[in-house]
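I've put the structures underneath this note.
The following pair of complexes shares a single chain, subunit A, combined with subunit B in the former and subunit C in the latter.
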Partner chain A sequence: MASITIEIDGNIVNAKAGERLITITDREGISVPRFCYHKKLSVSTSCRMCLVDIEGVTKPQTACSTPVSDGMKIHTQNEKAKASQKAVMEFLLINHPLDCPICDQGGECELQDVAVEYGSDVSRFSEGKRVVAPSDIGPLIQTDMTRCIHCTRCVRFGSEIAGIMEMGGTGRGEDLKIEPFLAEGITSELSGNMIDVCPVGALTSKPFRYELRSWQMASADSVARHDLVGSNLYAQTYKGLVKRVVSGDNELVNETWISDRDRFSYEGLAHENRLLLPQIKVEGQWKEVEWNVALDFAIKGLNKNALNSRKAHKLGGLASSTATTEEFYLMQKMLREIGCENIDYRLNVNNLDDPIHLDSNIKLSDLECVDNVLVIGANLRLEQPMINLRLRKAQLAGASVSALNVKAFDYNHKTNHSTVSPNEIATILAGALKVILEKNSLEAPSYITNINPSELSINLADKLLDSERSVIVLGEHVINNTQAASIAQMVAEIAKQVNGKTLNLTSSANTLGAQYAHFLPKSKGMNTNEMLAADMSAFLLLDIYPEYDFHHSNSAVEALSKDDVFVVSLNSFNNELVAQYSDVLLPMAAMYETSGSHVNINHDMQSFAAAVKAPEEAKPAWKILKVIADLLELPGFHYENVTQVSEELKHQKIYEHKQDITIDLGKKSSAIETIWMHSAYHSDALLRHAKSLSSSKIGQTNSASMNTATAKELSLECGNTYLGVPVVVSDTVADRCVFVSSNQSTDMGRES
Partner chain B sequence: MIISDSAKKQIDIWIEKYPQGKQSSAVMEALKLVQAENDNQLTSEAIQAVADYLDMPGIAAAEVATFYENYNHKPVGKHIIRFCHNISCMLNGADDLITHLETKLGVKTGEVTKDGLISVKKVECLGACVGAPMFQIDDQYYEHLTADKIDDIVDGLK
Partner chain C sequence: MNEVCFKNIDKDQCWSLETYEASGGYSTWRKILKGEYTPDEIINELKTSGLRGRGGAGFPTGLKWSFMPRNAQGQKYVICNSDEGEPGTCKDRDILRFNPHSVIEGMAIGSFVMNATIGYNYIRGEFMEPFNRFEGALKEAYAAGLLGKNINASEVSFDLYSHLGAGAYIVGEETALLESLEGKKGQPRFKPPFPANVGLYGKPTTINNTESFASVPEIMSKGGQWFADLGVENSGGTKLFSVSGHVNNPANFEVSMGMPFSELLELAGGMRNGAKLKAVIPGGSSTPVLTAEVAMGMTMDYDGIEKAGSMLGAGSVIIMDESTCMVKALTRLAHFYYDESCGQCTPCREGTGWLYRVLKRIMDGKGKAEDIDLLMSVQEKIMGNTICALGDAAAMPVESFLRNFREEFEYYIEHGKSMVEK
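Moving on to the complex of A and B:
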C-alpha cells in the first residue's frame, strides 16, 4: 500500500492508502470512541459512536469503516464531530437501563467511560424503556440483555473466531435481541472471550457475579499452564484470592483470546479439597503437624528406606506435567544429587520403551499461514483450542485440512475427515510416504516396499506434495497407539520430504519444560512403568493423582500402596487415594500461587510471578524441594528466589531419549481399540476442581462412543457402560474402536 | 418430518440459483416453503430443520425468520391483517385505527380471533406511504383506511 499523509486534528500523520481511519487514530494515540469496532473482528459499523468530521464530506463519517486517502483532513474533536458523537451517545442510552450501581461491568465498562465523556446528565427521553428478559446460556456467562447495545461483537466473535455462531440478533427494531437459538446454552470452548469483547455489562462472568469491583482488585500478569500454548493472561486478585482471570495480549502466543479452560480454572483454587496443612501418617493415622515435623518425618523416611542403606536406585521421583520448569529442575537435581536416576513425568504412556519423538518446528503465529494441514489423532477444538483457532484461520484463508481420526469430531472448520482405526494409521502414513518418495525419485526403505498405497494414502500424499507450507499435527490420541513411535518417525520423514513442518501435541501442559529441566531418566534410570513394576522402597511425588494421571492406574496405586514403600507426596489437593498410599502429605501451591516458568510450543520460556500467596500452610513446591535438599545436606541449593533457579536452567539444552527405532508395521493388535481421553475440562487437577467448568456442557462430557457393529460385538447398547463410562452409539466412530471422553477417574478403565 | 420431499425439491431449485457454497442464500424461500406446509407457522424445530438443510447455523436462520414479518412464530388465523404503524401511517391515525380494529375483533395485535379466522399484526413500513394509513390482508393491500372502511373489509372476510 502506498504511503500517504493525512491531517488529523491539524497534525500531519503518515498512513497507508486504504487503511481504516480508526487504525491510524489508535496508532497515533488519538482517542475516538467506539463500541462495535474490535481490532480482531470484522467491521460492522453498527454503533455509529466513532463519527468524525472529514473536510469536504457533508455528513460525519464512521472512523472504523472509512478508508483514508492522501490529503484527507479529519477532525475528531471539532464541534461537528463532538455533536455527532453526543447525539449517538444519547441515542444509545435511550434504552440502556443505567443500572451501573448493580452492574458487574461498572468501573470497567466502555459504555460508562464513553458516557462520562459524551453523555448528558439529563435524559430527554421520558418514554418507557425496553426490558429484555435474561436468558440462561450456561454456567460461565451471565446475561443481562437489557444492557445490550447491539454492537454484535459477541455475535461476530462466535462466527468469526470461535467458529460456531451461537449468539445472534433476532427480531428487529425495538425488538432486536441478542440471544442464542433454542435456549441450548453456549457450548464454545472459547465462549469466555465474549465477556471480554462485550463493551457493556450484558455479558459478564457468572462465577464472578456480584463479587467485586474491578478497581478493588490487583492484576498480575500470568501464564496459563493447562496446555502447550501458555496463553498470557491476568489473574485479578483480592485479599489473597484469585477472583477472576481475563485474557492478556500477546500476538505470538494467544493474540488476545484465551480458552475457557484457562479463564475459569482458577475456581479450583478455592475448592474444599485443597490440601492446606502438612500431615504425617503415624501408625495408619493422619496427624496434622508443623512443617518442620513433617519435613523431618519425610527426611527420616527417605533416609531409612532409600538413602542410608544406599538404595537410591529404589527411590522414584514422578511429577505431574503441570509442574513449573523450576519445580521439574529442582526435583531432578535433588534426586540426581542423591544418586537417583528414576525420574519421569510421562505417566499416561503405555509403552515407554519406544517413545514418540517429534519436534514441533513451527511457531504458533505461523500456523495461520500454512496451506495444508494433516491432523492425526486429535480432537483439536477441545484439546488444543488455541492451536485450533490458528489452524481455523489458515483453513478460512484457503488451506486444506485433512484429519485421520478414530471419530469424525466436530471441527469448526472445513475438514476432510477420514475415520480410521488407530491401527491403520501407520500403514496409511507408510503408503503416503511411499508415494512421496517415489515422486521424489528416492528409494523406499525396506519397511514400505511391500506396502500398496491406498487411495487415502495417495490422496494425502498428493496434497502434501502440492502444498508449499504444510504442517502435520500429531495429536494426543496417538500416545498409546501400539505403533506410536513408528507413526512419529514417519510423520517426521514425510514432513522432511515435502519441506513441511511438524507439530507434536502428544504431550501437553509443561512437558517441554520437563524436557528442558531433564526430568527424564538417563542412562540407568527407570521410567514410570519400570518404576511401577520394580521393587521400590520410596517415592517422591509432585502433584500426582493416580486415578486420573496414570495409564496403568491400578498398578500405580498398587505399587504406591505397598507396605514397605515410603511415599512423600507434594500435593495441591487431597483425596482418599492420595491419603491411602502417602506417608507424608506436603501441601503445595497451585497455579497462580507459585512463581516459575512454562515452556510453550514455540520453545519460549515464559516466566510468571505468583499472583497470590498459597492458602494456609501450603508452600510453593520449589521452596519445599529446596528445603528437602537442604535437610538432606545436598550441595548447590542455596537459592534465595526462583529466578536464580530459572537462570541456572536457562542454558540447558532440551533432553530427549533419542533412539533409533525400527519401524515395524506388522505390530498390530487385533483387539477392539480403545482411546481413553479425559474430557477437556478434566485433564489436570486444578481443572477437575473448577466447578463452573465441570458443570458446563464440555465439562459434562462422559461418553464411550462406538459404532453399531462394535456395540453389537461388545453386547452393549445406549444406557450400558463401557469401562464404567456411559455408552453412546454413533456411526461416526471407526469400526472396532471405542473413543472414550470421560470426566471420571480412569478407575480400572485403562488397564487393557 | 418437518420438511417434506416436495418442499426439499423446491428449495433445491432456489439453491441452484446461487453460487456453489452459498446455499444459505436460499433461506428466505426455504423458510417460506416450510412455513406453508406447517400451518402457516414456523416453530424453532422448523427453523432448525431449514438451517440444517442449508448447512447454516440455526441462529442465523432464526435471525432471518424473526426479522421479517411474513414469518409467523405463533399460531395464526386463516387471514392475517398486517397493519402498518410506521411514520406515514402513524401520522395519518394508524394507532387509533389499530385500536378500533382490536376492539372490533376482540383481540390484541399478535393474537388470533376465537374462531381462528383472523389474526392481527403490527408491521413496519410496507412501502405504501402514499396510501397511508394502510394494511395488508394476506396478499392484498388496502389503503386510505377509515374506521368504516375497515369494518366493511373485515366483515367481508370469510
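Moving on to the complex of A and C:
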C-alpha cells in the first residue's frame, strides 16, 4: 500500500492508502468512540458511534469502515462529527436501562464510559423502554439482553472466530434480538470471549455474577497452564481470592482470545476439596500437624526407606505435567543430588520403552499461514482450542485440512475426515512416505518396501507434495497407539521430505517445561512404568491424582500402597487414593497461587507471579521442595525467590531421552481398539474442581462411541455402558474401535 | 402517453412474447446476438437518452453501466430490483404484469454491456401474480432461444432467474437485496465498497430498477435522442407515475417528464368528490410532503419537483384532500418505517420507534407542547447518520409534515383531537 498523508483534526498524519480510518486514529492515540468495531472482527458499521466528518463528503462517515486516501481531511471532533456522535449516543441510551448501579458491567462498561463524554444529563425519552426476556444460555454466560445494544460483536465472534454461529440476530427493527438460535444455548469451547467482547452488561460471566465491581479487584498478569499454548490472561483478585479471569493480549500466543477452560478453571481454587493442612499417617490414622512436624516426618521416612541405606535407586519421583518449570527443575535437582535418577512426568503412557519423539517446530502465529494441514489423532477443537483457532484461520484462507481420526470429530472448519482405526495409521503414513520418497527419487527404507500405498496414502502424499507450507499435527490419541513411536518417526520423515513442519500435541500442559528441566530419567534411571513395576521403597509425588493421571491406575495405586513403600505426596486437592497410599500429605499451591514459568509450544518460557496466596497452610511447591532439600542438607538450594531458580534453569537445553526406534509395521493388536480421553474439562485437577465448567455441555461429556457393527460385536447398545461409560452408537467411528470421552476417572477404564 | 414501458398496454395478451415481438421487441437483443452492437455504443445511447434510475435515486443509468468493470476476471451479475415496496408505488408491479419481456430484454442488454452472464430479478414477496407473469415470460424467452448459453450459437450467454422476496421493505435497498439474494437476512451493507465492485457473492454487480430496465429496449430501438426529447432537460423520456389517494381515477400513468402536476391530476380524474387539494407527496412516502399551493405550480420532472422542495423518487404521487388529518397521516407513515426498520444500525432502530411513539402519544391525546421540537430533533438526528437511506426516508416525512402543517400538530397537542377530523 502506498504511503500517504492525511489530515486528522488539523494534524498531518502518515498512513497507507486504503487503511481504515479507525486503525489510524487508534495508532495515533486519537479517541474515536465505538461499540461495534473490534480489531479482530469484521467491520459492521452498525453502531454508528464512530461517525466523523470528512471534508467534501456530505454525510458523516464511520471511521471503522472508511478507507483513507491521500489528502483526506478528517474531523473527529468538529461540530458535525460531535453532533452525529451525540445523536447516536442518545439513541443508544433511550432503550438502555439506566441502572448502572445494579448492572454487573458497571464500572467496566464501554457504554457507560462513552456516555460520560457524549451523553446528556437528562433523557428526553419519556416512552416505555424496551424489555427483553433473559434466556438461559448455559452455566458460563449470564445474559441480560435488555442491556444489549445490538453491536453484534458476540455474533461475529461466533461466526468468525469460534467457527460456530450460536448467537444471531432474530427479528427486525426494535424487535431485533441477539439470542442463541438453539435451545441448548452456547456450547462453544471459546464462548467466554463473548463476555470480553460485549461492550455492555448484556453478556457477563455467570460464575462471577454479582460478586464484585471491577475496581475492587487487583489484576495480575498470568499464564494459563492447561495446555501447550500458555494463553496470556489476567487473574483478577480480591482479598486473596481469584474472582475472575479475563483474556490478555499476545499476538504470538493467544491474540486476544482464551479458551473457556483457561477462563473458568479458577473456580476450582475455592473448591471445598482443597488440601489445606499438612498431614501425617501414624499407625494408619491421618493426623493434621504443623509444617515442621510433617516435614520432619517426611525426611525421616525418606531417610529410613531410601537414603540412609544407600537405596536412592529405590526412590522414585513423579510429577504431574501441570507443574511449573521451576518445580520440575527443583525436584529433579534434589533427586539427582541424592543419587536418584528415577524421575518422570509421563504418567499416562502405556509404552515408555519406545517413546514418541517429535519436535514442534512451528510457531503458533505461523500456524495460520500454512497451506496444508494433516491432523493425526486429535479432537482439536476440544483438546487444543487455541491451536484449532489458528488452523481454522488457515483453512478459511484456503489451506486444505485432512484428518486421520478414529472418529469424524466435529471440526468447525472444512476438513477431509478419514476415519481410521489406530491400527491403520502407521501403514497409511508408511504408504504416504513411500509415495513421497518415490516422487523425490529416493530409496525407500526396508520397512516400507512391501507397502502398497492405499488411495488415502496417495491422496495425503499428493497434498503434502503439492503444498509449500505444510504442517503435520500429531495429537494425543496417538500416545497409546502400539505403533506410536513409529508413527512419530514417520511424521518427522514425511515433514522433512516435503519441507513441512510438525506440531507435537501428544502431551499437554507444561510438558515442555518438564523437558527443559530434565524431568526425565537419564541413563540408569527408571521411567514411570518401570518404577511402578519395580520393588521401590519410597516415592515423592507432585500433584498426582492416580485415577485420572496414570495409564495403569489400578496397578499404580497397588504399587504405591505397598506397606513398605514410604510415599510423600504434594497435592493441591484431597484425594482418597492419595490418602490411601501416602504417608505424608503436603498441601501445595495451585495455579495462580504460585510463581514460576510455563514453556509453551513456541518454546517460550513465560513467567508469571502468584496472583494470590495459597489458602491456609498450602505453600508453593517450589518452596516445599526447597525446604525438603535444605532439610536433607543438600548443597545448592539457597534460593530466595523463584526467579533465581528460573535464572538457573533457563540456559538448559531441552532434554529428551532419545533412542533408536525400529519401525515395525507388523506390530498390531487384533482386539477392539479403545481410545480413552478425559473430557476437555477434566484433564487436570483444577479443571475437575471447576464447577461451572463441569456443568457445561462439554464438561458433561461422557460417552463411549462406537459404530453399529462394533456395538453388535460387543453386544452393546445405547443405554449400556462400556468400561463404565454410557454407550453411544455412531457410524462416524471407525470399525472395531471405541472412542471414549469421559468425565469419569479411568480406574474402571483402561485396565480392561 | 404510454410510449415506452406501457406501449402495448391496450393490446390483448400484452404480456406475451408474440405481442412484444410484433411491436419490435427483442430487435436490439437480436442485433447484439449478431454482433451488431458494442457495449460502448449502448452506453452512449443510454447517456444520450438521459435515462435516470427509476427506483428513486435518479442516478444516470448510462453512467452507472459504464462504471461496471466489464473486463474484470470472474463472474459478474446483473440484477433487477423489483422489490417495489415504497408506500404509494405500484408501477413495477404493472410492468411485470403487462410488459415482462421489456424487463427481460433490458436486463439482457445490460448483461451484454456489463459482461455479466447471470441475472436475477428480485421480485417483491407479495407480488404473486407479477411473479408468475414474469416466470411465464422467462419460459417463453428460453423457449424462443433468446436466453441461455451461447444463444443462437453466438458468444453471448445470459441466464436469467427470478427470485421471490420474503416481505421486507428494506430489501428494496440494493445491498440488502444482495444479502437476501445470498440467502442471508435482508440487511443493508455499508458502502464503500459499492456493488459495482463488490456485489452479489462479492462479485461485480449492477442493480437497476424494473422501470429502468424496461425502458432500455425502446431507447435502443428508437434512439436515445428520441427518448430524451420526450422529456425535458435533465429528465429525459417518460416516467410512470403511480397516482393514489383522493382522486377519482387512481392508476399508473406513463407520461412525459415535465408534465405539469395539474395535468397529471386531471389524468387521474381530478379530486374525488370535487374536494379541495390539501397536500401531495410526489415521489413515494419517504419524499417530503408538499402543500397544495406548491404542488399545483410544480412540473413532474427531477428538477421541477426538487425546485418545489421534494423529490421525484419512484414517481409515487399520493394525493390528499382537505379531509386528511396530517397528524394521523404522519403517524401512519412513521409506523411503517418503525415496522420496516431492519434494526441493524442504531439511529434507525431506536429513532423510528421513538418518532412513532411520540406521534402515537399525540394521537392518544397525551401530546406535550415540546413534542414538536422533540420530533424535529429526533428526525434530524436520524438523518444522514444511518447505514442506508431508510433512516433518511423515515426522517424526511416527519420534517416536511411538521414544517408544512405545524398548526395541525399544535392543535392536536393542545386539544387532544384532530383539527380536521370531526
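Rule of thumb we're sticking to: the second predicted complex is superposed on the first by the 751 of 752 C-alpha atoms of A that agree within 3 Å, B and C clash if a C-alpha of one lies under 4 Å from a C-alpha of the other, contacts with A are read in each partner's own complex, and residues count from 1 in each chain.
Here is the rule we go by: a residue touches a chain if its C-beta (ideal position, glycine included) is under 8 Å from a C-beta of that chain, and two chains touch if they have at least 3 such contacts.
Just so we're clear, the structure is a prediction, and the values are computed from it rather than from any experiment.
Asks: Taking subunit A as the common reference for superposition, should the pair subunit B and subunit C be classed as clashing or as fitting?
Replies: When both complexes are placed onto subunit A, subunit B and subunit C end up clashing with one another.
Asks: If you stack the two complexes on chain A, which partner ends up touching A:G173: first (subunit B), second (subunit C), both, or neither?
Replies: both
Asks: First (subunit B), second (subunit C), both or neither: which does A:I149 touch?
Replies: After superposition on chain A, A:I149 lies in contact with subunit C alone.
Asks: So, does A:L182 touch the first partner subunit B, the second partner subunit C, both, or neither?
Replies: first
Asks: Which touches a greater number of subunit A residues, subunit B or subunit C?
Replies: C
Asks: Name the contact category of A:K59: first (subunit B only), second (subunit C only), both, or neither.
Replies: second
Asks: Could you tell me if A:I164 is touching subunit B, subunit C, both of them or neither one (first, second, both, neither)?
Replies: Only subunit B; A:I164 stays clear of subunit C.
Asks: Looking at A:F125, would you say it contacts subunit B, subunit C, both, or neither? Reply first, second, both or neither.
Replies: Only subunit C is touched by A:F125; subunit B is not.
Asks: Of the candidate stretches 2-10, 218-226, 254-262 or 326-334, which in subunit C collides with subunit B after aligning the structures?
Replies: In the superposition, subunit B collides with subunit C along 326-334.
Asks: Residue by residue on subunit A, keep only those touching subunit B in one complex and subunit C in the other, then list them.
Replies: Touching subunit B and subunit C on subunit A: residues 169, 171-173.
Asks: How about subunit B: which of its residues touch subunit A in the complex?
Replies: Result: residues 44, 47-48, 57-60, 62-63, 66-67, 124 of subunit B touch subunit A.
Asks: Once bound in the complex, which stretches of subunit A touch subunit C?
Replies: Residues 43-49, 51, 58-60, 62, 65, 67, 83-84, 87-88, 90-92, 94-95, 124-125, 127-128, 149-150, 169, 171-176.
Asks: Spell out the part of subunit A that touches subunit B in their complex, as residue ranges.
Replies: That would be residues 159, 164-173, 180-182 of subunit A.
Asks: Could you list, by residue number, the parts of subunit C that touch subunit A in their complex?
Replies: On the subunit C side, the touching residues are 168, 170, 185, 190, 192, 338-347, 349-354, 357-358, 361, 374, 377, 380-382, 384-387.
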